[in-house]
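A short worksheet on the structure shown next.
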Amino acid sequence: MLQEPLKRKTHLSIALALVFFFVIYPLLVDAEASYLVFLFYTAFMYVTLSQGWNIAAGYAGQVSLGQHAFFGIGCYVTAITWRAGTAGYLDPLAMLMSGAGAAVVAIVVGLPLLAKLRGDYFALGTLGLGEILRVAALNGGSFTEGAAGISIPSDVYQSIKPYYFIALLISVLTMLSLWFIAHSRIGLALVAIREDETAASANGIPILRYKILAFTLGAFVTGLCGSLNAYFVFHIDTTGAFNLNWVIMPILMVILGGVGTFVGPVLGVFSLIAAFELIRLLTPQLHPIFSGAFIILVTLFLPDGIMSYLTGHKNRLLHKLSPFKWLALNK
Amino acid sequence: MKNNGKDVVLRLEKITKSFGGLMALNGVDLSVEQGQIVGLIGPNGAGKTTLFNVVTSLYKPDKGDVYLAGKKITGKPSHQLCHLGISRTFQLVKTFLSLTAFKNVLIGAIYGHGMRGRQAREEALEALRLVGLADKKEVVTAHMTLSDRRLLEVARALAAKPLITLVDEPMAGLNPSEIINMLKVIKRARNERNVAILWVEHKVDAIFRLCDRVAVLDYGRKIAEGKPEEIAQNKKVIEAYLGKPPP
Amino acid sequence: MMKKTTKIVFLLTCLFFLSSLFFTMQQARAKDKKEILIGTHMPLSGLGAFTGEEQKWAYEQAVADINKAGGIYVKEYGKKLPVRLYEIDDESNPTKAAAAVERLIKRVKVDLILSGQVGAMGVLPGMITAEKYHKYYHGAVIWVPQFLQQHFKYCTMYFMDPGQGAAMVFEVWNSLPEKDHPKRPALFLEDTFDGKTIGNVMESLAPKFGYKFVLRLTMPMGAKDFTSQILKAKGAKVDGIFCMSNVPEAVTLVRQMKENRFSVKAFQGFKGTWPSNFYKSLGKDADYILCDGFWSIDYPYKGAKELGERFYKDFGRYSTNVGMYYAVAQILWQAIEKAGTLDDLKVRQAVLDNKFETVNGPADYDERGIALFPLGDNQWLNGKRRNIYPFDLAKYKIMVIPPWDKR
Amino acid sequence: MTTFPSASVFFQVLINGVLLGCMYGVAAIGLSLIFGTMRIIFLAQGAVMILAAYCIYWMATLSPINPFFGFLLILPVFLGLGWIMYKGLFQKVAKAGANPSLLLAFGLMVLLEHVMSLIWSPTTRSVITSTSTSSLTLGSINISVTRLIVAAVALMATALVFLFLKKTMLGKAVRAASEDMSAAALLGISPTYVSAVTFAIGIALAGVAGVAACITYPFDPFFGFLFSLKALIAVAFGGLGSVGGPLVGGVMLGVLESMSAYTFSAGWADAVAYAAFLLILILRPEGMLGRRSIEKV
């Protein structure tokens, strides 16, 4: 108890130092030619995606397998408004609209799903959502340009720096809002819902409202990432936008780092990216095999994630209670 | 609504609830006054917990209504009931395992009653003190004993500043000294807070020692209601518990 | 509790991972050029993997062949430089294809990039990334409209001519005896850009050759059952099929046609019917089916026959593809020599300005950076693809498909 | 919208849907069993299926053994494989909870897919059997023999799992454990033994599904994942944890897909299936055959 303010201070200064490093790094090197700058940009994106999943799944216990739906919506909203000329290049308004679009879908779909489904059924339901949207975009006629996808000429591209800083900004803002939520009454309610929905409800927590809040917030930041991705790749089609990659990778990173923790997912993102890069470097041809083996080894020796390894306390109960607890308790 | 000069806090009218073909509750009437401890006893499967779940809207009754302070509240969502003044504990303890004792109770204060900031924290501490857990407030619930968790649930329920608290077998799994402590806590809660308590219990002697009134359920029906000493003499009750005496 | 030493070991490992990233960055481009580093990304796993395998082989042959000849003479360095190929698997994923090109340019620091595969799944994201960093991307396998949309200044493309391809189908059908012309043909198209593009061209060209498609049916990628489509076609008395799909879908379609006793006079497949695994999967049931070919071992161009035989030696089967990939590399080698430098824009200009001889015939790029080559047509019989088009080069003539019960 | 021109076309589409659904069902049974014990979506199921498919492919190309024999051969081999997988990998991780097991399954999937792609190359393969394209004709309706065999296998697998769970001692232990692991432990059943057995059976059933898939469809190393995604939907359709659920769910999914492909458009068939799935989930969250669980408090 007494240590806490001190601890908080060191944590804060570490965080500030890291952010400072990331801010100046592209200014110190030749950003356009630096592979590391691109890698960091990717990492920031995954930090946001991971925390977007973590807030609903890790904190509130609502495991979504439909994050790629929100990512795809973000991509398409940006691409469509951009093509129509209502939004420009790297337009903050279009990015907000993309996030909002994802959030609206999260609310509309989340209301019935979160009210009715729990645990695995909710996870499967969200998986279905992603697939429905993918097929819809594929058959969307001239609105989504179907399988052809929407192409925007890439000659507006100037530098990777704006992407880098926007991704950094989004991830920092996501982290900040997550921190404030986790340390506020909302965070308390989310954890209570994860631990025991019945007890949470009996203690006056409007569980549906908070579940939707967490789910929607996660969808919003995921949509933002989708939007930035659309600006980065200049061509949006169903394979790229609604790729299952956008849901599997963040989940892996969060589990690797530590589900329901604040710093864990960040560690997960950086160590997974670093490990995959290293494996690619050492064995360019066989890297998927080694990447698979790496994941297996990590789970065998670090089953509770990096965070619990570092902090030293393995909270087994937390794991038992996290995402899939519902059926285990109610069969 | 007055009853013998005291306010009636909770009133159940002809509550009926069945699962499939099984009649779990059959036209149960019951009322609890302010500051009163009412015991609810009955053999296994008599419908005690079902009655609790109907009151807290986990189940919707087939027939009948629930009134809180004279206002009809049947079927309102659980969390609204908590705001209106009904809090509860659970037979299978439901604390938030990864949170500390203090935060568990804080949830009761914040979400159960709508307090904020310092007020909520003070109320949580006060509730913890009342049940005697003040020195364990920073302990993560997962590491607590069953007895402490049961006390914690009571504290959480009280932190919501309810008109009535429903306690569901708070003594199950406790040893004799822990039971004595729990009895003290319940008594203290009533005395200090003037809160009404509806109490389901298996341990009949505990109920008889503390309750102002006792109601007995058997096969979903209320077979008796009255002062503890009357109930102890009631033939029907003895039959329900011990079976019919041989003729 | 955690042992302190293991914790330290763990932290050190993390540190090692991170620091290794920094170290790998420091590969500056040597002033003294010893080799030409060509990067490429290919779908070696995932959906497009079956095409990546042949592409990889063809590129590696092209590199080995030019190095056997001592490399490419680059005037700027005043000597012949050997070529080294750096390959990355893009896993048939557009995002990974873009990341692969980032890696090629920024970490491997390649001089030039050879094309990836499968249009929007690999080539387009690759080209866009190359364009961002002003790196020349010598492309193939992408449709013209997709290529043009992006106003590329650092990319070129080499692919089949869809108009000629569509015309070929009708010309082949018309070479059948009058009574055997498909009167009520139908389109079976996968729900990709490939399917859509070629379907549109087919429909718009059909009247010119006296055809009209009575049905246009969708075959979703990865679908397991096409009975519904077959029943619809059967109901519409369809007697000729044009099918654009991948191998598994094409195989399933033919199997289910037989199961449902649905016979047609002509079955022209694109993309899904040429791989030898199409025949292996169906056996005799694949007989008489037509398949397109980007290339043929029978082409009279220099090196074509030798390349095809080399492929047969390595894989025990014939390819209708490798010549096209080999040609892509051949064009780049010649262009580098003509440009006399490895400068991106100058090499591209050399590609645009010159005419090239390849195993796939002559290649001539227009001012937009596009070169198209004609498609060939083959008919399966007894496990062999018999070349039936172009008519002037073909040794065989198309045969009508006998109904299932008469085979 | 296309309407059915005749009753026979309607029945033809219906029967095809049922047969396609049996294929999903066969893949779903193993998935559902593994889910019952480990509470995870076993992502590697598809890869395991394809591993079995390659084994059969090898057997059929290198030896004169009839591929249908594969059903008998694969069962013991994959039972052993599943046992080893559980003992070597999952037993340790399962203790740590569902999340790491999910991660492990994903790692296994990536590893298997790429090892297979290395050994057998990523080109499409298929197994030709004596019944590959033969069909029975009933009036004007054609029924694929291979798919009929698959349907029979699906029924048999479901029946066997049912008999195992209801009639054998071990099966009863499995059921007890899947209802409540800790209660089962109190009854003297070793939870790890039960889990290992169930997992091994699940893998064996994935192997059987692989054989069924490879005699019906051409496949490649990456074919399994999308297939198991459909199987997953089938499991949820039928109700997690019920024995007949996967088959019923699979058949429903298959019929829905082929009906919508005929009447609506093949391009939308997947979306229609998923939308119906969402709707059913919302209306009947426990699936078609699942029991509505009453929450204990």
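To keep things simple, chains are lettered A, B, C and D as they appear, and every chain counts its residues starting from 1.
Following the convention adopted for this analysis, a contact is a pair of C-beta atoms (placed from the backbone, for glycine too) under 8 Å apart; a residue touches a chain by one contact, two chains touch by 3 or more.
Everything numeric in this text was worked out from a predicted model, so none of it was measured.
> Determine the chain that sits nearest the middle of the structure, using the mean of its CA atoms as its centre.
A
> Which chain maximises the distance between its CA centroid and that of chain D?
B
> What chain pair has the highest count of contacting C-beta pairs?
Looking at every pair of chains, the most contacts join A-D.
> With chain centres defined as C-alpha means, what is the inter-centre distance between chain B and chain C in Å?
Averaging C-alpha atoms per chain gives centres 73 Å apart.
> Using Cα averages as centroids, what's the distance between chain A and chain D in whole Å?
Each chain's C-alpha centroid was found; their separation is 30 Å.
> Taking each chain's centre as the mean position of its Cα atoms, how many Å separate chain A from chain C?
Roughly 35 Å, centre to centre.
> Express in whole angstrom the distance between the two chain centres, defined as the mean CA positions of chain A and chain B.
42
> If a residue has to touch 2 or more other chains to count, which residues of chain C qualify?
Residue numbers touching two or more other chains: 45, 191.
> Any chance you could list the residues of chain B touching two or more other chains?
58, 90, 94
> At which residue positions does chain A touch at least two other chains?
Where chain A meets two or more other chains at a single residue, that happens at 138-139, 198, 288.
> Help me check something: in the complex, which residues belonging to chain A touch chain B?
1, 185, 188-189, 191-192, 195-196, 198-207, 315, 317-318, 321
> List the residues on chain A that touch chain D in their complex, please.
Contacts found on chain A: 112-113, 116-118, 120-121, 123-125, 127-129, 131-132, 135-136, 138-139, 198, 248, 251-252, 255-256, 259, 286, 288-289, 291-296, 298-300, 303-305, 316, 319-320, 322-324, 327-328, 330-331.
> Which chain C residues qualify as touching chain D in the complex?
44-47, 49-50, 52-53, 191, 217-220, 222-229, 231-232, 235, 247-248, 251-252, 255-256, 258-261, 275, 277-278, 280-283, 285
> How about chain B: which of its residues touch chain A in the complex?
The contact residues of chain B facing chain A are 56, 58, 77-79, 82-83, 87-88, 90, 94-99, 103, 106-108, 110-114, 138, 142, 156-157, 160.
> List the residues on chain A that touch chain C in their complex, please.
Contacts found on chain A: 32-36, 38-39, 42, 138-139, 146-149, 151, 153-155, 157, 160, 229, 233-235, 237, 239-240, 243, 245, 270-271, 274-275, 277-278, 280-281, 284-285, 287-288, 309-310, 312.
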